[in-house]
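My questions will all concern the structure given below.
Chain naming follows the written order as A, B, C and D, and within any one chain the residues start at number 1.
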Amino acid sequence: MVKVKIIGATGYGGIGLIELLKQHPEAEITALVAREDVGKRISDIYPHLEGFCDLPILDAADPQAQAPADIVVFSTPDRVGMYSAPDVLAGGAKVLDFSGDFRFTTQEAYADYATRHGKDPIHASPELLGQNAYGLAELHRAAIGAAPVVGNPGCFACSCILGLAPAAKERLFNPYSVICDCKTGVSGAGKKLAATFHYPARYENMNAYKLAGHQHVCEVERELSLQYGSEIKLTFTAHVLPLCRGIMSTLYAQMDAAHTEAELVELYKEFYKDSPFVRVYGSKAAIGTNCVQRTNFCNLVVSVDERVNRLRVVSYIDNLMKGQAGSAVQNINLMSGLPETMGLLRSGLYP
Amino acid sequence: MVKVKIIGATGYGGIGLIELLKQHPEAEITALVAREDVGKRISDIYPHLEGFCDLPILDAADPQAQAPADIVVFSTPDRVGMYSAPDVLAGGAKVLDFSGDFRFTTQEAYADYATRHGKDPIHASPELLGQNAYGLAELHRAAIGAAPVVGNPGCFACSCILGLAPAAKERLFNPYSVICDCKTGVSGAGKKLAATFHYPARYENMNAYKLAGHQHVCEVERELSLQYGSEIKLTFTAHVLPLCRGIMSTLYAQMDAAHTEAELVELYKEFYKDSPFVRVYGSKAAIGTNCVQRTNFCNLVVSVDERVNRLRVVSYIDNLMKGQAGSAVQNINLMSGLPETMGLLRSGLYP
Amino acid sequence: MVKVKIIGATGYGGIGLIELLKQHPEAEITALVAREDVGKRISDIYPHLEGFCDLPILDAADPQAQAPADIVVFSTPDRVGMYSAPDVLAGGAKVLDFSGDFRFTTQEAYADYATRHGKDPIHASPELLGQNAYGLAELHRAAIGAAPVVGNPGCFACSCILGLAPAAKERLFNPYSVICDCKTGVSGAGKKLAATFHYPARYENMNAYKLAGHQHVCEVERELSLQYGSEIKLTFTAHVLPLCRGIMSTLYAQMDAAHTEAELVELYKEFYKDSPFVRVYGSKAAIGTNCVQRTNFCNLVVSVDERVNRLRVVSYIDNLMKGQAGSAVQNINLMSGLPETMGLLRSGLYP
Amino acid sequence: MVKVKIIGATGYGGIGLIELLKQHPEAEITALVAREDVGKRISDIYPHLEGFCDLPILDAADPQAQAPADIVVFSTPDRVGMYSAPDVLAGGAKVLDFSGDFRFTTQEAYADYATRHGKDPIHASPELLGQNAYGLAELHRAAIGAAPVVGNPGCFACSCILGLAPAAKERLFNPYSVICDCKTGVSGAGKKLAATFHYPARYENMNAYKLAGHQHVCEVERELSLQYGSEIKLTFTAHVLPLCRGIMSTLYAQMDAAHTEAELVELYKEFYKDSPFVRVYGSKAAIGTNCVQRTNFCNLVVSVDERVNRLRVVSYIDNLMKGQAGSAVQNINLMSGLPETMGLLRSGLYP
């Protein structure tokens, strides 16, 4: 049994991981740590867990919170996990971090990310950068298995990277022509209260936000550039819509030569032939976010606007599953030498 | 492995059963039968099943549809299963029916039900009435295990009966004082298109319906009367609300003597102490339908309006789970000698 | 032109009043006062008002906030308006208060209300109690026209009182048999952030709340008792559902004698024949909250459960209109000698 | 008083027009015609109109339906209005058509549109093409005032054209670089039932659709090309989201030279300085569809992705107002010599 400790257990990321690990045949949760609600049982806060997980919330300094673990998950904001990771590693466990702290493998890349988003550009554990892996299994399966520290991807980033990586690898498009038009449900913003996510303010209301720049752009550009072999710069727009779960990212890129939808579907299927959580469709398929809801799948609908020779991919994920806790379990499996799909192969429940 | 054949596989009841059985360690689906979409794969119609269940939809007359089964499930409207049940039994399988056909154990009770709802009062297989069991495991566990034919309960009925059975058994209330004020999400009406369930017509819209009498009343009255020991007549109001899944039934009954909430909570907990899918709470608990969503649980919040000595129970279920496919799997387990909870012990995913 | 000053202008009550008064041919807004956002224009906070109302938010102490007014509206919580009302009256204006401060006409009734809800039972301006009117025009038209101080009704209360007043006046039911099962959209809780109204927590989630007692019960019991001629005690359950606007209250009462639906519909129509905002229907009408949404109407669907001789009325209002700002404009009209319907006769926009 | 007759009165377009005209000080409805529900009162079908519009639905052949009118509105599908328009004109009335029939001013342009969408390319009244005007007041104010026949714009088209016209007129971008990523609520699809708009199937579900080509593309390209002075070809993606009303179109175009957001905001404000229903904002404004809901406004948020020199405009409208009935009233005003804003200057009601 893989022992997992969760820091930041009471946010949506933490709770999602608890739900999945309680259904995982080879994993067990050894401790739940958070800053708020210390002393309460997790099922007091989230009654749907009653009888499934009744562990107490512990303060980080609590002796019980020092229980041994194989993997320590930081479901915490930026600049939390980076301070604790060295101690975790010294204790013999691996680190899986949900923030931007370990999504970049050089100090320069981290500094660029941090600077753009108004954060301190100095990484607290620069010696770990380079040892870490970007936790998108479809692109970095082997590295994730080997790395002591893994940075779980951002939800938007995950949908965009999966949607464009095959075409990027083949350099099918102009590197400055990419547009990511992303739509998310509200759960992507987490459990923190905000006027814009107050129920009446959000009901039947949708809007673009962070037009000046979203924090996930850096990782999309970095990963696609890696596939492409040279720099990609893209335009990214985040929109929030009145639903709870789901991301639909519509991705555009100007192709240099004509390619049919059939060719591209074939290319994408080949690229993902060993990736059990990616499904590829042509433009006739009737796919919506409800086909991936509460699952770890990413559904890609590939099409071409032949009048202007433009690639268009619509990428569907559940932002809290493939976009967060599902990818995390996929990473935990890889980091533990377990089959990648363990504990994750379930269809959603419709409708 | 219990072999299950599903008639009416493409409705919400059928699809829900497929989803659960594909995650059940001791059950397998041998055939899917429906009248529409014959020849398509079920995952062509419901793409979320891709890779989980790709069985073809068969016509009832198709030889493949005659594959042997231990249990044949009729997820069909009233007056379908009753015609086929004798043949199924003759073939050595048991019958689980989702309609009103086998929810009553006498021809008189069936006729009363059918007459009230404008249907033919003559049951097509009256010889089976009396051999059948009402499929609410919490009240009829042993009978379900022994019966060749089980009538799966109505969704509203399930929520109301579980909410009042403990008090009924103790005869705590006046038998003509019961009011069931029931609120359901739209999925309770199934997949059939209707103007009132067209998205724009239902968005931010709620209403009471079938004020002249809902078809689930008969089974609620019959089951509560059985517990009470004499006739109960109640007022039932169905309301439909703009959400997909969930039933919240607020149940009122005038008590003959004063009882505190604490006494009643104790009574309810005792009544359900061997029922793993019922959880009992007092009025301070923060319970909503999202605590039971996509699970087989029924959460009961018990309270007393002491100023007028009135019992009030709020009963929460997922109408498609405990209210339909979840109860069905519970029944399949009991009918097959498997542990009642097999394949059903999962928390929902929040939010 | 009636000059109106709004205290507490930035809450849902204030904003609703602004929207209606800007479309009112005989009213003008002279000042907007609030504690937060002072100095901003109201249309900076609520961009939909851009070009319609761009007045600044003033501090109560600002000289501009002393601009003369005919009516000062307190869209403020309990125990705010009661302190300022005497000064307003001394200045020659009338008071319309949205809280519980002036919904009761005796110190005893106020103290009962306040005590039940954990508030100071001593009214700050007891000399005004008795001069004030309960602002439900359908029952107190003349009093509202004459009173210097009017207490705007609670939203749930409004729906329940209108739904049962005609039957109460005829003493058709047992005074201890009344049950009000009320369902509201989330906007009823106002703009204050709360974990339970965070969008993801409320999506597809419904629950009963305040089971120990809702603050609107006192005014329902008081008003129905007035109609009935003796004390009524009732059971009240509040439920919150995942929509924005709308109240649906299902009201039950045990009748002492048999009455048909047709008789009751007739009785209700007669009772409300001079009330242009109340529409009465029988049980066959297809009425939902979307028939009253964003209007000042109350739609009543009257039916009888003849098997147990129980009256059942379903009362539909928009909680922010007839339940708040719409009733307020109705009251402002009456307090100003204007036609009751002025500025309010508009259908909603469907869907 | 302008006399208006509505053909196709019972669809969302018709009902929207009725609602607005009943609040219009200088318009009256003389007849409602439809193919279904003939003989019923419109308020029997739409109870929110009770007391506001109780006119009967007439068959087109009914003598009452021949009542004189100044303007006949065809709120009908493609290829209905084009057959009747000549008779209407011969009778002395003008025509306002909601379909694609009169959105193009040459037989060639109509044929291109019709062919792309699988319709008969031969216009039934080609002699009227050239006399007609495209009914987007902001671009064709004078023509609309003078034309006997006006084609009301498509909802998506309206949002896209308004969002890019100012930049097109200045030829700021590459004519083949335009992408329109459009998101709509479900009401855009009208009242016709469809499996994809059944409430449970649409709840928490979003998807792209008509990836092979949406029928509104032709008019966007035609109108933008007119502004641009030469051909524009663009990529258009339609998405449908789980809300009722609202369109959010995110529009991208590659600029040939660097322009700041401030410059562009200024340009847009200047372009629309005489258009009272268009509001222009920079990227810092907190604008969502709820700022325009149930109003005739179009809110434009203008920004630049300076890293790649790309223009990005987010265009917000209510698809049933500015996208349909609101624009229709604007056109009726212009066609009748009334002030353009008459009957339309109302804020929405928040939330």
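Note that a residue touches a chain if its C-beta (ideal position, glycine included) is under 8 Å from a C-beta of that chain, and two chains touch if they have at least 3 such contacts.
If you're wondering where the values come from, they're calculated on a predicted model, not measured in any experiment.
The chains touching subunit C as well as subunit D are A, B.
Fitting subunit A to subunit C on CA positions gives a rotation angle of 180°, reported to the nearest 5.
Averaging Cα coordinates per chain places subunit B and subunit D 46 Å apart. Each chain gets a centre from the mean of its Cα atoms; for subunit B and subunit C, those two points are 39 Å apart. Across the assembly, subunit D contributes residues 12, 185, 187, 200-201, 203-204, 242-245, 286-287, 290, 293, 351 that each touch 2 or more other chains. Those residues of subunit D that touch subunit C in the complex are listed here as 12, 15-16, 19, 22-23, 46-53, 187, 203-204, 244-245, 279, 285-287, 290-295, 299, 320-321, 345-351. Contacts from subunit C toward subunit A in the complex involve residues 12, 185-187, 191, 193-195, 197-204, 242-244. Contacts from subunit B toward subunit C in the complex involve residues 176-177, 179, 181, 183, 185, 196, 200-201, 203-208, 211-212, 233-235, 237, 239, 241-246, 248, 250, 252, 254, 283, 286-290, 293, 301, 303, 305, 307-308, 310, 312, 314, 316, 351.
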